[in-house]
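Take a look at these structures.
Below are two complexes that have chain A in common, paired first with chain B and then with chain C.
Up next, the complex of A and B:
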């Protein structure tokens, strides 16, 4: 109950501070911290004076306490720019703008020089931006130093030449030779014209101003709209390098409007809902991360949308009454549940408080309609309020869960086979078993704190098989009583004929239920029939990604065990046996009476004989090498050389022997 | 003057192929990213995320999704290295971009980030389905969690979810623990169970379900419990990486800055975990983590340095490879203890874990098995979140001459014959 009340306080706080933007995050501490993050100077200073001004202005509006100390560095760069004769109108403009916040001392002589330079710039200006910077600079000087005599000599002429840039649809061009018009330029032009009016020494022709007002109204025709009612300006030139984005464009238009409204005495008569839509846009964009957008958002809110902004930024709310007009239960559009009721205003806390929650409101979600009525009628000109504000509200509470039980029933008789009580708030470890001819019944009661029936959005019973196949059933209700009966006979196919242990889980939850729960009830052992041939297969279950990878078991090669060798004696005996034929051969040679008597005695044939035998020995040695080291190719190559050599020397020695034996025969 | 133009155009046309490539180990920096939006307001409302990418050196090109001038490739060359689709409601892309073009973009190794939202268009759903992820078909369904929601002052329908069911992988979400829960508001999706490339990075709690919060439920919702994936990633076989989520707002500045308190917990965090989670995840998506390369594969006999033409039975050999991981700026040594080498012929004969010297050099030594044949050194390294390494190097078969067998006469005779046969065979082969 306490929490419910707290929820209301917060809600009404939001309602009371800003009708336009209660649905959005109003300007808050998150903006302040974002500002500090976004506007962080590089090495103590910003890249340009433009950025310096944006940072200073943002911190000023937000009233950031912990703002970085920028004033000293800003002042230095301002006086540099102002003192330098080469600085452009744009530099001067931003220097003066920044100075309007920092309030540094500017040399009088320098400011005289600026005035004349800016005046020259005005008369030499040819594009809208030239006018904007130079006129803007003059206005700033006028505001900052009361002594300086700043005025435009030919204000009306300048006004007309600026007005020449306007287009029929209310948009403006940047220069006369650029045909594309934009809303961003329109904002700039309005600001410039406002500056011209304030600088003019004589009155500007009223007809000029009234045509300008028409232009403004036309400009509002091109406003774009979001679904939630937020309005914004945007330019359609996506290619143009001047394209600024909706935030900058809208901000520029608003700045121009405020400046213009400030200098003209007349009322602009802008429709209130349009202004509300613009405020909604700026509050709806949240916290922009871009420094430029951020500045534009903050600046627009501060400048133009006085209602939304001054209150959002924490200033006093005008006295008003907040009325609760009606409350509707979401879903049913019919009669209001509460009568019109005025909220009490608490002076000390500044909150509008609804004291008692109407009796007819129970847990659930409702739409409350509030109306804001301003007390003083003259406020209506200054402030725009949303006429009726609808606020969706969830009333939450603890839901009582009672009489929860689970049972296995016999199908044909309906008799209870086993029944167990459940404690859905605590732990359960029910263990049941059933076959396909039985039923499972789960029932419980839900009641609201006011004793009414409650239907939660989520009431699921989940059965999970060991193989992770899941089945989910919605638990239906009649009044307070929730009951689900699972007839396993009709479910065997859905269960893929998977017998075994099923874990049961009950989930009850609703947005209005503070004690939403997810409880494991226990498990049921199902005994289902064998699957027939054509039964559907259970769907594949996802594989655990963690087990899919990982190192594999190492494999080491098992080397072949060395073969068992015969005893050495046996090997030697066989070696002896293999040598025996050689011995026999040698003995045979001796027996045959082999001798070297035919060895030629003369030196030349003797040399050939020796070479022949050496060659034979070399071939045998080659065989040994082939055995040990060489491969077939190397062996054959060497054998080739040796063969030719052997044929040669063999032929010589044989022919010598043949000649010798022929000589012997003839002799 | 004309000459300069010719040189200029020529040099551009020569450089162009190098300027626009997907992640390549040679020029991994200077990556261009195309960001497609429904509305330029997203550029400002989600700028923290974009800024974190810009600060890391990415060149973001923002375009409206229906801009008729967008194109992913020109003259057969891709103009971007990655694509971010922050355009949940786009019905039809502008220009030459369509689903097939996006799939081709990914198939050629480029990265993709998809953020959908409630009422996501069929087009975005189709792109997601092509990536192996199915969003809930009910167009108005949202992920609801009545026990794991984030406590909020303005929203009471429990669709703002605070989740911290992260994937357990340091490489994907960073080694620093994400303390605060991540805020999520959007639609859930399920993963195709047969697709082993897609991973659930952030899953919903067991009590979550996906349904329309405004209408009563009569049939069970199609997605429930932790089967709902809130954020998923895909690493394709070509190492392209994809991030898919059903919530565009989780990237927004508002969620990045917002404090978070999970229901039922008294701890209130100043800042949600979104920024840390999504920034770290984007580092993985853009290959700043978990991208491996292997260089200098070497093998030689123990005590030698040159790679021999062949090994002999019972040689001790040493295999080494250097593995590096891309850190976003440089290749850093990759240190782990689960890289394995296989000595492979039809099946692995030896499988050994490599030891490393903490400087990226992995090595192992083992004895050559006593089996003749043509073997391969194979490194098949797959780890959750890392790009896979697949190296193989072939080496000649192994014979024994002077080692291994002793030369008693009768065994020598058989091995002699065997060897001669082998030798003849190999001679024939080399001829």
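Up next, the complex of A and C:
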């Protein structure tokens, strides 16, 4: 089916039909903005040339317009690396890779030096990565400077020594003394071998290449699969040191395959569905958060599979026809509703458009099956199309609601007691009343725009009693006519004998119905008989689950009500009264003829006497402060000092007085 | 009737003798008596106030009344010690008794202030 791998192109359909637009964009603007975020250079440059290359390559593929101006700084570090004699094969390799994008000038002398150094590295290489970097570097030099005569002297010998790393299961080892094999290494090895083949001055032995092809097929046997059909390569997690993750591994294998397929003229018969699976894998991972994974994703999509390129990134799609093969109504698996029909191609927008919906398609959901048919048969060798593509499509429309009316009927006669028209598109405030011997009838008609009957997913009538007890009835239909008759006699028990006002609510809804409705019709006053003793009680209304996690009722603290205070005048009057005894005391003192004659006349005892009284006054003042604002400890501290002072002066004055009175007595 | 008038006379004679006897008490004891009367009256006024408006800030009421009653009791103690007729305290100088009185009052009022609220 696919003769050359390099040109694999998986065409993904971009279909737009009428209102139901279904646009699939594998590489979107989100990738571009993510790229700008992930590849942000620190202080104008990246940490390594490897990162620089990844950033440049990603921006190149995505065609990011706002890409940071990296070229200048990249060129500087490239020329530094190339010019320096101490740079390793790895540095040179990435420098040359970055240079393939930036296209800086490398002077001839330096490139000559590089060639000889890389050649020496090839002959001295012992591990797979050594070969990879040195051979890759040589290939890049060859591509970049057409004049340079680059070739490997002993291409076949190098090829064999690289081939020695291969394992029987198609995986490869990194070096001969490392027994672990991996698919990541396989990709690297394939890329290296492709480089060797392109560098070889003479033809490589065909048997070597054919054994290599067998290895590739074996490698594909170990491919892993997701449920959605996406395929990927992954290595077993051995020690974490060389483990790269599925994105890197798959990307590496694809790069290797592409490079290898490009240099060999032979057919590589790889099944197309495997390629499709790999494409799905890269598209399915979305926008990776890691720069490395991001680079691998973008690089694989653009470079190896060219999925996005054809549809989104702007390159030309070969002439082809998109055919609508069939449309099936969802739910019924019967024959296709439409015959195959070609879609018109609109050159300016690049979209295939189905101009008119087939007559048989009406409101509802359908599955449309599309097929991509290439016009020129030689394209079939290059491109691989994703077989038939199924697109679920919902055709929506306005449903006409007619003849809606509500009526209360007499049960035995069936005669209409009261009947009212409803306008279900607008507001209604119907007010009805009925007893348990009557019936309620609600009816309406639904027709699609093409005049057919329409059965919505939901058609319910809801009755809600004042006490929040709800009853839901399904409105049945016969053709276009929807009708429900509620016989209250039979429903009395179901209604828990609850008389009173019931609010009515009608629901008509469907995904394809643009005017789905949920309208309050009005209310009906029901007069039901008294409940017998054994009648079932209405169930307790379910507690709103949100209320359990919602805020609790606020706790209001109940403080003790303040005691009733006496009127202020009374209190003030009593304050005056308490002063009266003091006045009486003072008057009494005057009446008694109290005097201060005993006050010591000499200055020293007089001072002590004054200090004694001042001290007592100070202590009493301290008590007042204690009452007003100080606490007990502050008070006691101050009282300690005052007390010592008071004891001292008190002792002096009182002993003086005692001595004086004793002297008086003895005299 | 005669009995009543004689009772009146007796009472008058009793009061008279009491007053004459009290007039003989030293002035310093009279001062203390006056002080005790002042304290007791103050306490009484507070009790009347409490009876009228209720005992809501009960600790304040207690503080006020006990302050008065306490200082009155201390004054009585002082009076006992100062009175020269009391042989028991003959050797105790009145200055010492007064110092005790001051100290006890200060302690009492510290407690009262703490309890006042």
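In this section, the second predicted complex is superposed on the first by the 368 of 667 C-alpha atoms of A that agree within 3 Å, B and C clash if a C-alpha of one lies under 4 Å from a C-alpha of the other, contacts with A are read in each partner's own complex, and residues count from 1 in each chain.
Here is the rule we use: a residue touches a chain if its C-beta (ideal position, glycine included) is under 8 Å from a C-beta of that chain, and two chains touch if they have at least 3 such contacts.
Since the model is a prediction, treat every value here as computed from it, not as a measurement.
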### Query
Which holds for A:658: it touches chain B only (first), chain C only (second), both, or neither?
second
### Message
With both complexes superposed on chain A, which partner does A:563 reach: first (chain B), second (chain C), both or neither?
### Response
both
## Note on the structure
chain A contact check, chain B vs chain C, more residues touched by chain B
### Query
When the two structures are overlaid on chain A, which partner does A:589 contact: first (chain B), second (chain C), both, or neither?
second
### Task
Go through the superposed model and pick first if A:639 touches only chain B, second if only chain C, both, or neither.
second
### Task
State whether A:627 touches chain B only (first), chain C only (second), both chains, or neither.
both
### Task
In the overlay, answer first, second, both or neither for which of chain B and chain C A:578 touches.
both
### Task
Report for A:619: first if it touches chain B alone, second if chain C alone, otherwise both or neither.
second
## Note on the structure
Footprint intersection on chain A (chain B / chain C) at 563, 565, 571, 574, 578, 627, 632
### Query
Where on chain A does chain B make contact in their complex?
7, 10-11, 14, 23, 25, 30, 33-34, 238, 245-247, 285-290, 293, 330-331, 365, 392-394, 396, 455, 457-458, 460, 462, 470, 472-474, 505, 507, 509-513, 516-518, 539-543, 545-546, 548-557, 559-560, 563, 565, 571, 574-575, 578, 627-629, 631-633
#### Entry: chain C contact footprint on chain A (complex, rising order)
563-566, 570-571, 574, 577-578, 580-582, 584-585, 588-589, 592-594, 616, 619-620, 623-624, 626-627, 632, 635, 639, 643, 650-651, 654-655, 657-658, 661-662
### Message
Help me check something: in the complex, which residues belonging to chain B touch chain A?
### Response
40-41, 43-48, 50-51, 64, 67, 144-147, 153-154, 156-158, 167-168, 191, 193-194, 196, 199-200, 206-207, 209, 211, 213-214, 216-221, 224-225, 227, 252-254, 257-258, 338, 340, 342-343, 348-353, 366-367, 369-371, 382-384, 401, 408-411, 416, 420, 423-424, 427
### Message
For a test of understanding, state which residues of chain C touch chain A in their complex under the given definition.
### Response
27, 30-31, 34-35, 37-39, 41-42, 45-46, 48-49, 52-54, 56, 93-96, 98-99, 102, 106, 109-110, 113-114, 116
